[in-house]
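The first chain written gets the first letter, and so on, giving A, B, C, D, E and F; residue counts start at 1 in each chain.
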Amino acid sequence: MFTHLDSSGNVAMVDVSGKPGTMRSARASGHIAMSPATIGLLEENALPKGNVLTAAKLAGIQAAKQASALIPLCHQLNLSWIDLSFDVQSDRILITATVKTKEATGVEMEALTAVSVAALTIYDMCKAVDLSMEIGSIRLDEKRGGKRQETQRYR
Amino acid sequence: MFTHLDSSGNVAMVDVSGKPGTMRSARASGHIAMSPATIGLLEENALPKGNVLTAAKLAGIQAAKQASALIPLCHQLNLSWIDLSFDVQSDRILITATVKTKEATGVEMEALTAVSVAALTIYDMCKAVDLSMEIGSIRLDEKRGGKRQETQRYR
Amino acid sequence: MFTHLDSSGNVAMVDVSGKPGTMRSARASGHIAMSPATIGLLEENALPKGNVLTAAKLAGIQAAKQASALIPLCHQLNLSWIDLSFDVQSDRILITATVKTKEATGVEMEALTAVSVAALTIYDMCKAVDLSMEIGSIRLDEKRGGKRQETQRYR
Amino acid sequence: MFTHLDSSGNVAMVDVSGKPGTMRSARASGHIAMSPATIGLLEENALPKGNVLTAAKLAGIQAAKQASALIPLCHQLNLSWIDLSFDVQSDRILITATVKTKEATGVEMEALTAVSVAALTIYDMCKAVDLSMEIGSIRLDEKRGGKRQETQRYR
Amino acid sequence: MFTHLDSSGNVAMVDVSGKPGTMRSARASGHIAMSPATIGLLEENALPKGNVLTAAKLAGIQAAKQASALIPLCHQLNLSWIDLSFDVQSDRILITATVKTKEATGVEMEALTAVSVAALTIYDMCKAVDLSMEIGSIRLDEKRGGKRQETQRYR
Amino acid sequence: MFTHLDSSGNVAMVDVSGKPGTMRSARASGHIAMSPATIGLLEENALPKGNVLTAAKLAGIQAAKQASALIPLCHQLNLSWIDLSFDVQSDRILITATVKTKEATGVEMEALTAVSVAALTIYDMCKAVDLSMEIGSIRLDEKRGGKRQETQRYR
């Protein structure tokens, strides 16, 4: 039942050698909450140049490529596309990541990793002005593809 | 004010060459929420052997070491200690990470990265049995050290 | 004859662009010898929780994924499965690693790397109590697959 | 007693924040056994140009730098020197690695990792001509430095 | 038109999920200029053993594998072949890299990265004897393959 | 004389264990030449948002941190500051990188690596619109610090 534990309860990787390579995608999201004052500063100084969000997007893309190096039982996958978008609200930034592959396993972890590292990058760039930030709501929204080409909605 | 943006609003790294190496530590925390049924399965099958949490702890330690490779404007630091602990509750696992260094900048991002990747690792190992998981409440608890040897509490 | 040296004796990578992707696997093994007293301590304190061997297994899995980054002329491969098992004997721990891929070259080096890094991880965790440890007998046991779908036994 | 297991038997990193940075070194060795025919081919074709051993030396140096990324509970260290030497005998190549640092923990694992990955690199480059190779005798020879500036001989 | 910028001018990765995996190759070149005296020393001391160029070749191969980790919007690709050759002239070393893949995007960046890092490696090994070195002329020579199996010559 | 070759002409790392940690900096520069039309498109679409140059700057910073992993005989260093600036001219973009450390060896290679990877990142983002680009003039401008606290100008 726990695919990553064997019958003795030991950690184990899933053998995906029998699964075909097919188009697969996953979309994950999350947010970083911050004070409205920080959001104001970001919009005034930084967002016009897109710099904080550009850095977060690039960091999220690079982290998605490294998901299998970060998460021990995660398979190596060459990703066909990684995209992140940001929705700046009054007291938080919503982050959404979409990932695609044509390989033999799903890309949920890659999408979740992209969201997490993008949030950490925003945290890093704003931490000098805001001690109240919090990262949350990191979850899968949707997963598509695999052998039945099904869509799994998570919310 | 935004230390990671220069006067033109461009991304910029902070020059820490003038800061002395001193003992510094940071503690961060977060959680992964899951269904009580998943918690039950974990306790029955896996936690007695510590495997899921051992994998999460090791992944968090390894990610903390890689923080500067994941977060673009984060400085390279050799960490003196990285520790993670887990508190399994009825519907969530609380994750706490403590990081120490003797170098010239704080280790907030290293602690936050450890928590985030530990949570992602638990997510990966439980995702076959639980579609409802969510990672949240990732924040700094405390930061110590630096030139004034002060303690900054965040909550 | 030396596939990794060209006709002038210079190091060279093998061109595998003409080889088809097929199911391939390799199994390698090795051991880490230690004093019976260390084995006793491990069984008493650590093995009940599986922690030393869990750490070694996870490190071996992660290293197998990185084989082409460690070994200069080794090709990049996305691995379908990596498994390690341990046999604790009176004065040594035997380590076996099995690796599978569906790509165009064999996975011998990935299996050997997994065994090597798992052994190094055990060494690291026991070095405070045992100065006599030695890693040895690292070799291939079997290789399967490739264009002729043959099995090559090494011992 | 096991410094990498806490009082509950869980994996744990050692806190070295209280240890001073001092000159430390370690020397490790090991061998790769191969058929005399392979040794002959190596000496005839490759060793005059130093290519196989140059590749092995470079791979060992690069792996030593990555030891803390490969071995989960190993500390990050900036190494001051990494050297490998090779002694080609009739049926094996002996490999010795010496590593130095000025940081707060010993470099045993870095030296052992250098030997291991140098051996794996030789294996990779010779595996097309020799199915009988075996890597062994990987052990520490000597460790120097630390707070008491002592020399610990291992054999 | 800029494939790596979206309609708002933001950085964006290209979605290659609709592109088939086909044989693709790219050849890039560049040079490192140095004083004739340095070339003389290299030929006298080092080139007979091939060591500087062997190190540069291995570094170029390893860097090509890491191109997607270095260049943010570059796709992950498993490379089938990476080759570098060197032409030592009176006041410069010409470097040529050829890369092949069977995956869904071109390998221009991998070939250019191989040339760049090979040049940097030569720079590093000669910098103690020559303050005048300069790396230049790094460009694509030819690109083959893709959906139309065309050859694009760049010079 | 060649510090990276031993007395037999073999590659060798320099032992810096006897050198003190002191403030050191290096500045390197280079350019990427492109057609005036590409420069025009960049200024019209992308530069107002700073995206291409932001990506190049972040890639250069991240690559500087990885210099010792890319260049085999380069020492590991924790960098105190990495900065890149860009001067967009009619037919080329000039790139300058400045790097600082407080460790025991110079940071020339880190600065040169930052320039090289920033140029490769610009190449990647513009390659769909310009087949004529060329990276060149990569060289050291100045190096400061070390045991004599001297400044070495290279041009």
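Assume a contact is a pair of C-beta atoms (placed from the backbone, for glycine too) under 8 Å apart; a residue touches a chain by one contact, two chains touch by 3 or more.
Since the model is a prediction, treat every value here as computed from it, not as a measurement.
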Among the other chains, which touch chain C and chain D together? B, E
Could you give the fewest steps needed to travel from chain E to chain F through chains in contact? 1
For chain A and chain F, which third chains touch each of them? B, E
Between chain pairs A-B and B-D, which one is joined by a greater number of C-beta pairs in contact? A-B
Chain C on chain E, rotation in degrees - Cα superposition, rounded to nearest 5: 120
In whole angstrom, the CA-centroid distance of chain C from chain F equals 37
Report, in whole Å, the distance between the mean C-alpha point of chain B and the mean C-alpha point of chain C. 30
Residues of chain C that contact two or more other chains, please. 10-11, 49-51, 54-55, 58-59, 62, 66, 72-73, 77-78
Take each protein chain as a node, join two nodes whenever their chains touch, and name the resulting shape: line, ring, star, complete or other. other
Chain-chain contacts as defined at top: A-B, A-C, A-E, A-F, B-C, B-D, B-F, C-D, C-E, D-E, D-F, E-F
Where on chain E does chain D make contact in their complex? 49-51, 54-55, 58-59, 62
Residues of chain E defined as touching chain F within the complex: 1-5, 8-11, 30, 41-42, 45-46, 48-49, 51-52, 54-55, 58-59, 62-63, 66, 70-74, 108-109, 112-113, 116-117, 119-121, 123-129, 131-140, 152, 154
Where on chain B does chain D make contact in their complex? 23, 50, 54, 57-58, 61-62, 65-66, 77-83, 100-102
Residue positions on chain B within touch of chain F in the complex are 9-17, 68-69, 72-73, 75-78, 103-104
